[in-house]
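A, B, C, D and E label the chains in the order they appear, each numbered from 1.
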Amino acid sequence: MSYLQLDQLTKSYAKQTILQNINLQLNQGEFLALLGPSGSGKSTMLKLLAGIETPDAGEIRLAKRVLNQVPAHQREIVLLFQQPYLFPFLSVAENIGFGLKARKVASQQIKQKVAELLDLVELSGMQQRKPQQLSGGQQQRIALARALAVQPKVLLLDEPLSSLDPEIRVSLQGVIARLHRELQMTTIIVTHDLSEALALAERTALLINGSLVADLPSIALFERPPNRAAAQFVGVGAIIAGHMHGTTFESQLGQFNGNFGPNTLHVAIRPEHIQINNAASQPNISAQIIERRYLGERWEYRLQAAEQLIIVREVGQTPRDIGQTVDLHFPPQQLFALAD
Amino acid sequence: MAKWRRWLGLAPASIIIIGLFGGSLGYGIAQSLGWLPFLGQRQLSLAAYRNVLAGEQLGGQWWQALLFSLWVSLAATLGSALICLGLLSSIAERQQQYRGLSTISNLHLAIPHSVWAMALLLVLSQSGIFARIGFGLGWLDQPSDFPVLVRDRWGIGIIMAYITKEVPFLLLIGLATLRQQGREYLLVAQSLGANRWQRVRLVLWPLLAPSLIGGSLLVLSFIFGAYEVPALVGVRYPEMLATMALELFLNPDLHARAEGMAVSLLMSLIILVVIGLAWRWRRAEQQS
Amino acid sequence: MSYRIIVWVLALILLVPIAVFLIYAFAQGWFFPALWPERWDSGLFLRQLADPQLRRAFGQSLIIATGVSILALVLGYPAARVLELQTFRGRGLIYGLFFLPTVVPSVATGIGLNIVFLRLGLAGTLFGVMLVHLIPVLPYVVLTLGSSFARYDRNYEQQAAVLGASPWFVFWRVSVPMLLPSLVVAGVLAFLISWSQYVLSLLIGGGKIITLPMLLFAAASGGNQSLIASLSLIFIAPLLILLGLVARYLGSPATGATPRP
Amino acid sequence: ATPTSTPSSTSLDINNWAGIEQAANGQTVNWYIWGGSDSINRFVDQFYGKALKERYNITLNRVPMADTVDVVNQLLSEKAAGKTTGAVDLIWINGENFASLKQANLLRADWGQSLPNSKYVNWANPAVNLDFGEPVESLESPWSSAQFQFIYDSAKLQASELPRSYAALKEYACANPGKVTYIAPGPGAFQGTRFVKQALFEVSGGAEQWLGKFNQQLWDQWSPKLWEYFNQLEGCLWREGSTYPKTENELHSLFANGEVDFSITQAIAGAGSLIKDNLVPVSARAFVFDDNMIGDFNYVAIPSTAPNPAAALVLANLILDPELQAAQILPENGFGLGYGIDPTKVSDPALAAKLSNAAQQLGDAATPASDLAKSLRSDIAAEYQSLIEQGWEANVLRK
Amino acid sequence: MSYLQLDQLTKSYAKQTILQNINLQLNQGEFLALLGPSGSGKSTMLKLLAGIETPDAGEIRLAKRVLNQVPAHQREIVLLFQQPYLFPFLSVAENIGFGLKARKVASQQIKQKVAELLDLVELSGMQQRKPQQLSGGQQQRIALARALAVQPKVLLLDEPLSSLDPEIRVSLQGVIARLHRELQMTTIIVTHDLSEALALAERTALLINGSLVADLPSIALFERPPNRAAAQFVGVGAIIAGHMHGTTFESQLGQFNGNFGPNTLHVAIRPEHIQINNAASQPNISAQIIERRYLGERWEYRLQAAEQLIIVREVGQTPRDIGQTVDLHFPPQQLFALAD
């Protein structure tokens, strides 16, 4: 049995169901990214775990103990909000020591722990500052230190980086990754940014409209999203509708051979795997370029082939012209089936 | 932005406040120094201040009134602040909008202090409505069996009148703070493991402190300087400074006006010093 | 204590004076230990409503308080704007000066004010009374507008300017609507303070301007409970209505209202 | 109508009364008057306001005051501002404020004894020509008269049980602890001062010796006795003398609600007008001690800065009109104070009959005229006033 | 003479100089991206142009007219702020019509124009909505429509997209590009995101610390940043210090041949041009992998070679191991010289 376990968790506000029969297991020390579009219920799920909201149905278990009736401050699960919410009336040191003080730890010990944590988030010597005197990134790091101070069994991070500048963001991703390596805390990070999930977590769960539609190793989710919802979210080159005829997938765009299941109705491919004008490969699909965008290093093209929108990314500096008709090749080993 | 436009914006209001108010304050100061032109007296001296602070008759009265004023205003202010804090503590985590509470607190602003004091008198005096109910229930036989709640020696009536008036006022101020930022901080604290009492003590109180202290200072200076309520629900002795000043103004002997003015100005000075100290203390707090 | 209990207790405390005054206004000979008045008589109350002096006083109070609210907004707006949106030396000092009238008891300045106004020829005029009411009113208006200017986002005004709106257009079409809740609340506070003003009206009005509080205080000195209660009701009714109308703005962070204790 | 301030014709000749009436024609007279009684307000509007309009085409602007001292402040400010024309035409004034305004030289002089109706006033009476001991000197004109009286509740007490002297009052108080109190003497509470002053008369053996000029020696001799009396009384008083009511209304309210047994009034109508104003129960009655009940007169005065002095003079004269004097005493008219004129000086038999008729109709709530006359004393030198107030505060209140 | 011209423009706040001697020319209809790190003075520059701030020195000319003394509302230059700042008390239609109303355009005409613009930003039929009822991306589009309504001669966009979700961002980039194609307004867009500049503008100016350090075609700036400041900002694989010895550039990492100037002190290369373990190429530099990050499609490695940090990006799904030592090849034609 796993360390943290969610069983058929359900939550509604007013008439609206926000989370529906969520099942999830985490081992001790695991790092999970919870990915999903805005409003899909990610924050709600963390709040249920932290005990700030109560579920309508289902169970939350931590190390076999059922948590449903345990109040938030006794759960040893710490939730880090999207905003840092540092107590404005306390110094940095007092903020970090807050949870320890609530646990009546001796002040000498608190002092020492605070210094350690400041070291860890690379803000040594800032003990006496007030939150207002810190930049947004520094505040976020202090909030992280404050959450770590109480050594929670489970750390929940709710989009801790999404309000920050890209530079600070990357550097804080580094801090979080390193902390997780060092402290091996069971961690869930919420994000709606795929690259953040990829950069941080081995495993990613995808929450869409209150249901978990995927729960896979992060790279696998990116490379081979298991179903249409996941594919739409992570973005693919094309989602092709069709049906199986023996071992062949037949579609508007032609026939594809591959290792698909017998009832496959959709197959997909990543945009960087589609080849343009590769005369050596067969079969080829004729498509017209309708838009292009330079991404730096790579060009992204939007193409149209038989009413199907196809996105292709190609490394290279000299772009192809808009309006041009090209031949596209879908390498069979890169095609994968999507569940519905 | 041009400098002259800045002063242009400030000028009209400043003329009223600094010109009219400052001018009349200057006149008041002159009066306290014995400039009483209606008596043909134009010589300045500190006699009025001497009389007030150390005079045979007024001196004793001043110090007694000062003590009583301090007692009443501090007790009423602290009482209101504590009650307000208690109420806010008990509801801070239960509610998000506080709509009803703030509407009702608002409506309290419509009742002026003097009107409220008159009502209180009718309800709480020894022959008031409560006493009559008590009599009707057989709890007391005559008015004097009912506790002395208004027009009492200790200013309980004045303090009660103020507390009931100022609690809604402070609630309004506290609620504004809570609505702005209260909930998230409390949730953070809870997630960090603080129990209910710790959340109230370690988070809610410090959060409310700046606005409540500010509001309390406003209340303190108001109570210290107002005479309507003590005149209505207070007694002749002990009296508050504001009533003492008023009495001197009403004295048929017009020379007493200098002393009356001196008392008023000394009162203003005291409250300014109190507020100034409190302000500096807050600043020192914030900087440390 | 639960939220609803607190709300009810506060509502009860508010209802007490209203209920007591309602009873006393119509009660005849209601003395201890009677739990209920012996006789009822609406004559006195109705007579007050019909009294020409009271009607005149009500009208003058209304004119004065409305005028004061408008004047206070017109004068307070630029002052609050400058004080909050600009940083300059002496800003704290000016704020302090604006705050001073809330600390100095009005008896200390009232007589001086009367002399100043008499010299200016403003004593005994409606305008003079309005002007003198500005002294206790302006601090609260400036504080209220000031705290909403402190949160004010000037980018809206600048956005309007770059879209081609002249400063006057920006003021009426952007600044005023943006600050509307705060302006309404500040205006109501000004009305409230002016409406309740007694000492200054008495001194500057010099008997030529008679306002509602003057009638109320005169009645209070006579001890006739029915008269006091009737006038109190007539006095607080407009305030209750007005505050009820703006209750959702007052004390909300959006308006930053600083009410008077 | 709003008050107008027609520039004052300083050249008014008080001896040319027709000229004054002519000058007053169309003027508005601003009468500053204590406004706490609905009955008095109505009396003033109905009797004087109507008469002024009908007889002289003068508009009455009654300015209600919570305290007459406000008028004093108004006049002082006008003087300090250098105004020669102010806002006040006529003031209903009492002794304390009269002394203040006289001190500040703010009253119009030389008119009180020159009014046509002044012939009805008994200026020889020291109670008329001295106001709280201060010489009137034609600076004011009487309106009405008053005398100190007590009020009791006939539903609770029999006339025979009532104390009739300060000594008896003390006995009564100690036999009924907590049921007696009096108004604290002090500025603005002359009733309290008068209550103590009357006690001084009694403990010193009589009022006569106090008449005449101020006598420090006499005061020093008797004041310890006076404080002794009050300190003995204190323990038996309401709330054991720890506090005292500050105003007549407070005392009325204590009395009406049965907290104490006696209240105090100055009205010749006794409890009548108080009953009418709902201040005391209908069973309230007035009574006096056998001696030492101070009586005096109420006046109106004209400030030297009055904007409409002619109209003010006409009004002051009208007040002394025997017909209106007869009206003011009747309880149903709600004013309740006694005559300002001397009825014996009214020669017109019809008017004289009206006056004596009215005096007969005071009802049971008033003290019988004979009791009043028997106990009547006039007030004494003004210097005693502050000695009593300060002495009482130091020796009784704060001890 | 160009259409919009900035001459020696200088601006200070208090003692701090924010913009120093800025010179810039734009032709009518040109689309310039103004790039730079946070606090470099980008917004200040736009505010000077729009007339919200006044310059301390220098001149701004539009179609030969000197603008310095012209108040903002008479300039016909519209600045679109980072936040949409829709007037909350006005409906969508009233917001868009605001500038026209200020110009006293007849309401019938306004109505028609508003409908057109709503079409243009693909929000037809939303006239009566209130701003609070719109999503962030919709609000930003309305703000854009509002700015376009007055048909400004110059359109200034101050990071109009940076507070938005990635999806909406890309779609709005499309809208802006299309609008510029259709209306051909002279446009400056401020951003601190290189890819946004690449996606939108033919030309990019780089503002660092109040000075313009580069002003080039956008792709050129990305591919071949002209100097060290620019290279640091756009990010390169390595900046190698050394000196010229004849036609050879000598450095700690070895010698490189290439078309460098005679006094070259630094050369650089883009991270995607560095080749790993390509045995066919010479010379090779031995380096150790110290960190790696999956970017989706590509892996980014940080390597160390003789105290030099090198960043390499490589397309591929199976990552190389951390700690491993590899050979790096810097293709000579991809190396370029950096000015100082």
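What to note about this one:
Simple rule for what comes next: a contact is a pair of C-beta atoms (placed from the backbone, for glycine too) under 8 Å apart; a residue touches a chain by one contact, two chains touch by 3 or more.
As the structure is a prediction and not an experimental result, all values here were calculated from the model.
The set of chains touching chain A and also touching chain D is given as B. No other two chains have as many C-beta pairs in contact as B-C.
Measuring from the averaged C-alpha position of chain A to that of chain B gives a distance of 56 Å. Chain centres here are Cα means. That of chain D falls 90 Å from that of chain E. Chain C has its Cα centroid 18 Å from the Cα centroid of chain B. Chain contacts: chain B has residues 127, 143, 249 touching two or more partner chains. For chain C, the set of residues that touch two or more other chains comprises 31-33, 111, 115, 217, 220, 225.
For chain E, residues touching at least two other chains: there are none. Pairwise chain contacts in this structure: A-B, A-E, B-C, B-D, C-D, C-E.
Of all the residues in chain E, the ones that touch chain C in their complex are 50-52, 71-79, 81, 83, 85, 87-90, 98-99, 101-103, 146-147, 150. Looking at the complex, you find that chain E touches chain A at residues 38, 165-166, 173-174, 192-195, 198-199, 218-219, 222-223, 270, 272, 293-297, 313, 315, 317. Only residues 2-3, 30, 32, 34-38, 62-67, 70-71, 73-74, 76-78, 80-83, 86-88, 247-250, 252-253, 256-259, 277-279, 281-282 of chain D touch chain C when the two sit together in their complex.
The residues of chain B lying in touch with chain A in their complex are 184-185, 187-195, 198-199, 202-203, 206-207, 209, 286. Within the complex formed with chain D, the residues of chain C that make contact are 28-29, 31-33, 44, 47, 53, 111, 114-115, 118-119, 123-124, 202-203, 206-208, 210, 214-215, 217-227.
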